[in-house]
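This report concerns only the one structure given below.
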């Protein structure tokens, strides 16, 4: 059966699989000390315009968020996130497990608002009793957000400005970073992300890799002994070169951007078809995730031909569903889906 | 200067101080294994109508909430609380420090609503993806609430019913329990609390003791090795009899109720005066905490004669202030405050 | 350069890589809900003789130990391990990070002794003050141990007996399980491990997989909501089928045992050569890890031709070094190493 | 029955109780912001010779150790302590509960050895693989130790020197500090402790207070937002002045030293009697704790007249027992005990 359920339904982009096969018999040192991690680091430094960036390779998204947030957030503090943020909703309490509260701001189609962040910080420090409260100790945003939306450069700059004003590090969860950077109409580049944030991740799992997330500290301000912290959080891969190799491949000839743009294009085609056919898009996403509110009858009809994601009930008769494209989405898949709609 | 800032501004009720002095030279075993803890336990069992209740004595409120919630909430779960709940707002992240998320429900003058709790639980378990989310693993309510309001018996029963339905333990934070139980018009008794909840605390610190919170498991379902858990949380007092002695005194001839009723009466007198003078009460509290919205000018004028608590800004020109009575509040204090208003 | 540094220096056994390639374009559901995980589970159930076993697939060893131990050890308790146990020495405090103390017993060539375990437990519970101490809440042993040694069946049975007597779950870290089960002279089978323990892991990372550890609860006593606990610990792989596929391959036609036996054979050949040449073996290991005490001159000489692992200084002039074989070790490698010795 | 079971069997020194009574009706602000805490801080600054010292007041010993160690030890690190250290043995895992391993060194009558500490640190950082291990992140010693012994000034200086060399903070647990500082023959002063350590506690609970431990950062290097950390650890007392008042009293006219010297004198008298009567002292303690190895018959005989502490079995027929004196020990008690021996 056809599936548009998510962007991590298949293995890896063939170029990645090929390199895994080619290098399979090489004897390499473990834990990220190999040449492929070094190469990938170099390429990411170049792509981000940060020659001194620290780059680390972890396996999964929740693991990455947990390790990074726990390491950059002071002990007496929590992480500020959108109410809809992945760390607040879908990580089984992985952040609180490390001792930190998730402090929530309203989500505007998945985005936090710089003014609301500023108000929050100002209100917090104005409160005479704030010593009994959880300090805002880091800010988490996802780019693109959990609803496929993106921040504009101006929005990101404004959030970064508030963070700098209060001395709070800004972390961008880039589990689907590529899709955001190549979204039609976006004015945000990888260099912008690197310039504005204190740390961000470049997601591989959902952008063509078998697995893997690169964590970038653009100005080389990794937490002290970050490798030990990664190990302590159970997040250090023995055969670390598997990560290096994948990111080296993704950042060769901008395969990362190519994969993301391909998926965005497919999504745009589907979105246009949905609009043409009068469907109601739940969010105005320019990336590879399409959220559409469907009635139960349509959902039933589709479900015997194609798998799409259930997000949540909208009302008694409708649900919000997600259609997701990826590197593996073919024009034939798209055409078939559209014909089914 | 006169102070109505809170109900823990003075030492202890004289009867407590007297017993501390009388017993000072007795040699007693530590960690709650003494005769006074045994006596206090017996009296609390009688007062709650639970002959098998487990009773433990801790020092402070946050410590009690932290130790109890961490011990009754499964590892994969969080604690459900009102947005305004003390554990969510004013405990410096003590709950998250132990690894558990605080899952918030809307606060209605400090109260959660049984229907909203039921909807939350139903929605949670209906969500196909709930394995990636934080399970509701316990429910925390405060009685009276942080805003001095109380639940009716029907409201408590309804919350208890939802908890039982989902197999989730209900914990009542009774830091100011006495004031709630003796509030004019309340239909909730200590026996009701014991019957409906799985565990609750009886606050001493804010009801006439130097310090101390009794934790009651009415049906003797203490977590396994709870003494060790108390020790592990840094909450075990060496000279445990100091707690037993205080609760023994508070539960002799219902001193606990007498103290609370006295403070409630004083508050009622002040509240009547406030209403008569046209002040705007922020919450409809029947207990010893009075929340009143004052303009800056009035606050300034009062502040040179009496200390009252600042809660939060209401708008540019007004703030919510708290007036708090206690066992130590005299008719003269009340009269003086009223004349100042 | 030739490397005998460890058993995770190459990618994966070709059979695994082949299946990854073959299935790369299949669309599969995430998080272990796919058919390959189901197949692997079935095969592991058959191999362990436990038709009801719960089987879970995690990515790495430290992560597995952390998640399992935190989930089976009561909150008031620690995990008992050999002084030399991986969890005590080489996991960057991953166990303590989850709140549990590692309680150590003496290591006898890496093994704990059932009598010493019994004495420890008896002493602990005999101690009148043990409520202020960390309870033994689980027992961790590695099979084979960190020094390549194995337990006899009688030793394992005796440890299991003590655990049952005190109601403490026994966890076997099988990061290199295959090498232990196929070691010359061992009398322990996979079914024995399953019968004697409460939970154990089957290591893939070090036995031919790209990565992956299977966690087996032989009598289906997984901790409640274990999937959520895995997620909470950051240990849930999105493309879970990558794990299922690898273990399905390893447990088809006993590839797992074949790989391990191959490496053990190679190690035995090297060990014989070492003995013949008068080298001093540090431990009497029958598995794929050879520990040998070398003088600095020999180490220097070897280091320009072959990479072997440095373990620790033995004295001013000698160090304990490790030679490790794997599925990828060829007769040519072995011959070359022997000629260098 | 007479009791020499410990030094926290009675309430408080009468001078403390008197001041609690005198100030009972004063209205004071909470959480340590009152004038008595300020006065006590001033007096402790003077006594330690550290005009800029930060002084904090907590309730109990385990709580203090937990809060301090968790706050000064980096996230990737553990705390080094003697095998016999209170934090390693008798705090129910309170340190590991906060995520830190206790790294143990051999105990020499309760003391660690500076050379062994230096060797440990040197060995750790020399180990090529130490990124996978728990870093030494703080050093904990108790003065006097759990066995009543003290460090000489030279020993303390040497330990402090190693700590400075490796940039590791040194924490002295002074639960019984007074007894150590006034021990016959000690050459260590309070100023020495303040000069050599990074943080230390001054125990009140076991030296005449109802409860309370003062935490001193002699060079005002408190961890950031330490008050919030105290609150987060459940260790912030609402009526903080109760602590300030007690320490103000203890540090007025050196009551603290007077109490301790009194108890030490009583212990010395008992020790001399024990020696004269041919008893076998287990440790050579010059402070208020006497450890003596007794046969079961003697223990039985004594137990019907006097309570002393059981420490541990020495062999089948003997146990190590503890006799403890305090401010409340009278010459009559001592004479009675001696006559019983």
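Chains here go by letter, A, B, C and D, matching the order in which they are written, and residues are numbered from 1 within each.
By our rule, a contact is a pair of C-beta atoms (placed from the backbone, for glycine too) under 8 Å apart; a residue touches a chain by one contact, two chains touch by 3 or more.
These numbers were taken from a predicted model, which means no experiment stands behind them.
The chain with its CA mean position farthest from that of subunit B is C.
More C-beta pairs touch across one of B-C and A-C than the other; that pair is A-C. Our note on geometry: subunit A versus subunit C, Cα centroid distance of 33 Å, whole angstroms. Look at where the CA atoms of subunit A average out and do the same for subunit B: the two points lie 42 Å apart.
Averaged Cα coordinates give subunit B a centre that lies 50 Å from the centre of subunit C.
Looking at subunit D, residues 76, 91-93, 97, 99, 131-133, 228-229, 231-232 sit in touch with two or more other chains.
Residues of subunit D that touch subunit A in their complex: 70-71, 74-76, 99, 131-133, 135, 223-225, 227-229, 231-232.
Interface of subunit D with subunit C (complex): residues 76, 78, 89-93, 96-102, 126-129, 131-134, 310, 312. Taken together, the subunit D residues at the contact with subunit B in this complex read 1-3, 5-6, 8-12, 14, 17, 20-21, 23-30, 59-63, 66-67, 91-94, 97, 205-206, 210-211, 228-229, 231-239, 242, 307, 328.
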